[in-house]
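The structures considered in this document are given below.
Next, two complexes with subunit A in common: one pairs it with subunit B, the other with subunit C.
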Partner chain A sequence: MLIVGELINASRKPIAEAIEAQNAEAIKNIAKEQWEAGAHYIDVNAGIFVEKEADYLQWLVKKVQEVVDLPCCIDSPNPKAIEKALEVHRGIAMINSVSLEKGRFEAVASLVAGSDLKVVALCMSDEGMPETAVERVKIADKLINKLVNKGVLIDNIYVDPLVQPVATNHNFGVEFLSAVEQIMNNFPGVHTICGMSNISYGLPVRKILNRTFAIMAVAKGLDSLIINPLDRELVAYLIAAETLSGRDSYCMNYLKAYREKKLNL
Partner chain B sequence: MGVQSIFDAVISLDSDKVVELVKEEIGKGTDVSSILEQGLIAAMDEVGKRFSEGQFFVPEMLLAAQAMKAGIDVLRPYLIRSDSKSKKGTVVIGTVKGDLHDIGKNLVAMMLEGAGFEVHDLGVDVDTDTFVNAAKEKNADIVAMSALLTTTMPTMEEVIKAIKENQLKCKTMVGGAPVTQAFASRIGADGYSEDAPGAVEKARELLGL
Partner chain C sequence: MLIVGELINASRKPIAEAIEAQNAEAIKNIAKEQWEAGAHYIDVNAGIFVEKEADYLQWLVKKVQEVVDLPCCIDSPNPKAIEKALEVHRGIAMINSVSLEKGRFEAVASLVAGSDLKVVALCMSDEGMPETAVERVKIADKLINKLVNKGVLIDNIYVDPLVQPVATNHNFGVEFLSAVEQIMNNFPGVHTICGMSNISYGLPVRKILNRTFAIMAVAKGLDSLIINPLDRELVAYLIAAETLSGRDSYCMNYLKAYREKKLNL
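Moving on, here comes the complex of A and B:
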């Protein structure tokens, strides 16, 4: 299970304030906490600062990597901001994201082409948001093929099938899950990734829906998640879900988590 | 009494019951505008209030709107015959260019319809000209814009500028997850709301209803 720690996102108020005040300590602390909790990538997002996004994104990468020995997930649709962040990035970053929307594919894909960068391929096209599994798989197919044709290794592609709120259409959960299963079966070697919180929009006690949905997606083959790694319960259940899905040889990960006291809730 | 039971049926999210009761009231000769105002519209206001207070949730808003719509469909032929005093104003709504998110925009459109506004939904990825032309064509009182991306938010400002340049009399409203009151004020929007029921209140306020 690959975990992207989602907390350094400027759409969260304390983060926006820390960025504006250039409070490096605050950012470093959150990076460190996520690292200690087992995150593999630290997401950095400065999207709300439209004009200053590129500078802030670069600053975030610098500050995060001053304290943790982890790559970042550079969370921006803006190729200029991504490039600026990459200038200072150490290691192999993940870019979040490329999609089939006009203008957005070429610009970001050309940054990734011929590099070792990991890339999130978001299932969105100019035809709008996919609603069914069939629509998602169709977009995923195009994205994967176009990226592979540009020389991106399939192992570096993380398809995000796009989570939509179950409150607005009760089939949105099951269509997503079915898409994960088909993508993982149809394109051996590719990864699937998503954030959780969209699923529960408009409903109470969102945590229960988010967690249950994450577990169900892992059962369908989802192997990467953008989550809050400080949520110890969620992480423990994800480890268990992966073990139960047949992706934990001899249950070694589960036992390792036990010995590291990650299962003491 | 009869109109109150229509109100109750909308709150209970029961479309069939609403249709049945509206037919019954029409049969009894109850004033159609009171069926609309005190029955259906008042019920949607209550639904919006409960939503804002965290007692009702999105799926319940959707069902209530369906129930309301079913009632309006029965009422429509009679409304056209009666005077048009129940018309609240015309709203042109859409998600701005480059942005394909429609959930919030749909909720706002639905609640505005529920409040008796004439709503023209332009869909998603709507460019500035389309907003301006629709506003002219429909003689809109309000142009409402949604953006869910920080990258598409600035487009709202272009639409507002174009509306002013074309000297259209309509008011402008903006909303969407990254949009704030401060942003709305900065780009010269007349109204902003955090959620769908708030958008209805704002629209009424802007039109002095």
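Moving on, here comes the complex of A and C:
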């Protein structure tokens, strides 16, 4: 299970404040905490600062990589900002994201083409956000084919089928899960990834829905997640879900987590 | 989600003691607790008392139904004991279980044939316990067909694909889950049911594995579970899993559980 730590996102107020104040310590601490909790990528997002997004994104990459030996997930639809962040990035970054929307596809895909970069491919097109599994799989098919034609390895593609709130339509959970299953079955070698929290939008006790949905998505084949890795309970359940998915020989990973006290809830 | 409360089972020491001492209050209390926690059936099992199983099973049914307005899940492979329990049972019981083992199939299936009884059909044959999804689906196919030929409605059949410990073989989780999915897809109208706790046998922090596996099985289509309904956390996650499976119009059930404080963990 590949985990992207989601916390360094300017849509969160303390992060926006830390970025504006250029408070490097605050950013470094959150990067370190996520690393220690087991994140494989640190998401960096400065999207709310329209004018200064590129500069701030570059600054975030620098500060994060001063303290953790991890690649970043560069979270922006803006090719200029992505390029500026990549100038200083060490290792192989993940770009979040390309989509089928016309301007966005060409701009971001050409950055990724011919590189080793990993790329999140959002199931979004000019016709808007898909609602059914069928619509999602159709967009995923086009995205994967277009990226592969540009020379992107299928192993570097992370399809995000887009989670939508179950409070809006009680089938939104099951349509997403079915899309994950079909994408993983139809395109061997591709990855699926998503953030969880939209699923519970508008409902109480959101963490129960988010954790449950993450486990259900893993059962359907999802192999990457954009989450808060400091949610110990979520991480423990994800370790168990991996073990129960046949991805943990001799339960070695589960037993290691136990010894490291990651299963103490 | 149909929930069978598993606690009144003589393999648990306090239950064995209560049965031997004919301590009706102890049995009644546990029945009531499970009912209040949302169980739809109360499992009764006196299997360790070989000679007295039939008498004890009948006594358990009587005591349980003196305090709760629920049917029992009569948990025995012994047709004599099942018959004796049915003599006093009010409402429509579930029989746990028939299997493809020769003696057991005929004896239990003929009790169920032509009745409204619900029946758990264990994926077990004379060749032993199946290990792969393919083997499980093959046995399920035979069991369902034989039961339907005897006049049992498909809606009254609860196939138990049999959970085996992931510590024994790291594919046992995924083989079980895949069997659930195939059985639910191949036999519309049939139900799937299981107990969870075998999955975590031999591993630490078993409740994490059990809860995670239950959620994963629901994601694959499982619609009935034999569990400890007093595990509030498990029940909360199962309510969420139902909502996320498209089985909860307008999230009414989730919101009701919230108002009833069932989601306070």
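Note that the second predicted complex is superposed on the first by the 265 of 265 C-alpha atoms of A that agree within 3 Å, B and C clash if a C-alpha of one lies under 4 Å from a C-alpha of the other, contacts with A are read in each partner's own complex, and residues count from 1 in each chain.
The rule is short, and it goes like this: a contact is a pair of C-beta atoms (placed from the backbone, for glycine too) under 8 Å apart; a residue touches a chain by one contact, two chains touch by 3 or more.
This structure is a prediction, so every number in the text was calculated from the model and none was measured.
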*Does the superposition put A:M124 against subunit B (first), subunit C (second), both, or neither?*
first
*With the two complexes superposed on chain A, say which partner A:N156 touches: subunit B (first), subunit C (second), both, or neither.*
neither
*Just subunit B (first), just subunit C (second), both, or neither: which does A:A236 touch?*
second
*Name the contact category of A:Q65: first (subunit B only), second (subunit C only), both, or neither.*
neither
*asked:* Output check: A:A167 vs subunit B and subunit C. Expected answer is one of first, second, both, neither. What do you get?
replied: both
_Touching partner for A:N96 - first (subunit B), second (subunit C), both, neither_ = neither
*Quick one: subunit B or subunit C, who's touching more of subunit A?*
C
*asked:* After the superposition on A, what does A:S224 contact: first (subunit B), second (subunit C), both or neither?
replied: neither
*If you stack the two complexes on chain A, which partner ends up touching A:S11: first (subunit B), second (subunit C), both, or neither?*
first
*Looking at the overlay, does A:L203 come into contact with subunit B only (first), subunit C only (second), both, or neither?*
both
*Using the superposition on A, tell me which residues of subunit A are in contact with subunit B and, in the other complex, with subunit C.*
167, 170, 203-204
_subunit A - residues contacting subunit B, complex_ = 11, 47-48, 50, 53, 77-78, 101, 124, 126, 128-129, 164-165, 167-168, 170, 201-204
*Can you check the complex and tell me which residues of subunit C touch subunit A?*
166-167, 170-171, 173-175, 177, 199, 203-205, 208-209, 211-213, 215-220, 236-237, 240-241, 243-246, 248-251, 254-255, 258, 263-265
_For the subunit B and subunit A complex, residues of the former touching the latter_ = 54, 57-59, 62, 98, 100-103, 106, 124-125, 149-151, 153-154, 177-178
